[in-house]
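I'd like to ask some things about the structure below.
Labels for the chains are A, B, C and D, by order of writing; each one numbers its residues from 1.
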Amino acid sequence: MPNNPEDKKRILARVKRITGQCEALSRALESGSDCGPILQQIAAVRGAVNGLMAEVLEAHIRDEFGPPEGEGGARTGELLALVRSYLK
Amino acid sequence: MPNNPEDKKRILARVKRITGQCEALSRALESGSDCGPILQQIAAVRGAVNGLMAEVLEAHIRDEFGPPEGEGGARTGELLALVRSYLK
Amino acid sequence: MPNNPEDKKRILARVKRITGQCEALSRALESGSDCGPILQQIAAVRGAVNGLMAEVLEAHIRDEFGPPEGEGGARTGELLALVRSYLK
Amino acid sequence: MPNNPEDKKRILARVKRITGQCEALSRALESGSDCGPILQQIAAVRGAVNGLMAEVLEAHIRDEFGPPEGEGGARTGELLALVRSYLK
């Protein structure tokens, strides 16, 4: 997974962004930044990881249950909205 | 921060480990791994980020309030134990 | 929701257990317990709330997509397992 | 803990508010509310529990290290700000 090329591209871009945030965090620690900004960067990574988890689960749901548009998609769309709102 | 070289080394090693976990996650996504193992890897990153946040806060407390050993260190030691237990 | 009476009963029992944990926490605070045990009780409430959120989402999935047993239930069963493992 | 009567009063009021949120959640479940609003209420409880944990840790820090105002309070004030920002 994900089977959908658009989903795969978007999820990989998220992971690369998180990798970049970690590299920036290493540099901030090396250069002796203050604790507040360091914790702020770590909190941003944590938020991004939660967003990634929700996005992966959403892609799995679309892969397995079909797109929320079209016939029978209403319950899938509702589930996607719940995952998006409450898992992040 | 952190002022203590040992703390700095240990925290930087944690960040590098998280960066490595993100790179492994990119590879797993590229190679089309199943959703379960992907979410498991993301959950591991999330746990590591929480551990990093606690470790940074602990290092800040030791930098500012002195080591938990020695005179007046008991309340610092207690605070470090609380941060370690409940922030992760 | 939940439509299934068994789910409803189990979810309500969870909420009542959390209410009871909050009442025990009030008593511990009134009686001047130490910070460590207080934080431990709060961490237990936090874990129980996360478990409740997962259980409610699982009940919603079973209500909307049918039980994991029986025809076409495999993908529902897989989704339930993912929600159970990674949302708590 | 908490030793300070103002802290104690405020923390107990938070716990009672969470207890009230749980009772409202029971009623919403009994009356068959939709999954979205139910999850929203659970997410609100989760946020309140995280806020409570931060408040208890802050009260402990003030009890043990003195108020952030006055001599030597700057490092305590900084630590309180960090706990407040990143633990919630």
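Simple rule for what comes next: contacts are C-beta pairs under 8 Å (C-beta built on N, C-alpha and C of every residue); 3 or more make two chains touch, one makes a residue touch a chain.
Keep in mind the model is a prediction, meaning the values are calculated, not measured.
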Which of B-C and C-D has more C-beta pairs touching across its chains: C-D
Between subunit D and subunit B, distance of the C-alpha-averaged centres to the nearest whole Å: 24
Rounded Å distance between subunit B and subunit C, as computed from the means of their C-alpha atoms: 27
Chain centre separation (subunit C, subunit D; CA means) in Å: 20
Multi-partner residues of subunit B (at least 2 other chains): 35, 39, 42-43, 53, 57, 60, 78, 82, 86
Chain-level touch network, classified as line, ring, star, complete or other: complete
Residue ranges of subunit B in contact with subunit A within the complex: 1-2, 8, 11-12, 15-16, 18-19, 22-23, 25-26, 29-30, 32-35, 38-39, 42-43, 45-46, 49-50, 52-53, 56-57, 59-60, 63
Of subunit D, residues touching subunit A in the complex: 35-36, 39-40, 42-43, 78, 81-82, 85-86
In the complex with subunit D, residue positions of subunit B that touch it: 53, 57, 60-61, 64-65, 75, 78-79, 82-83, 86-87
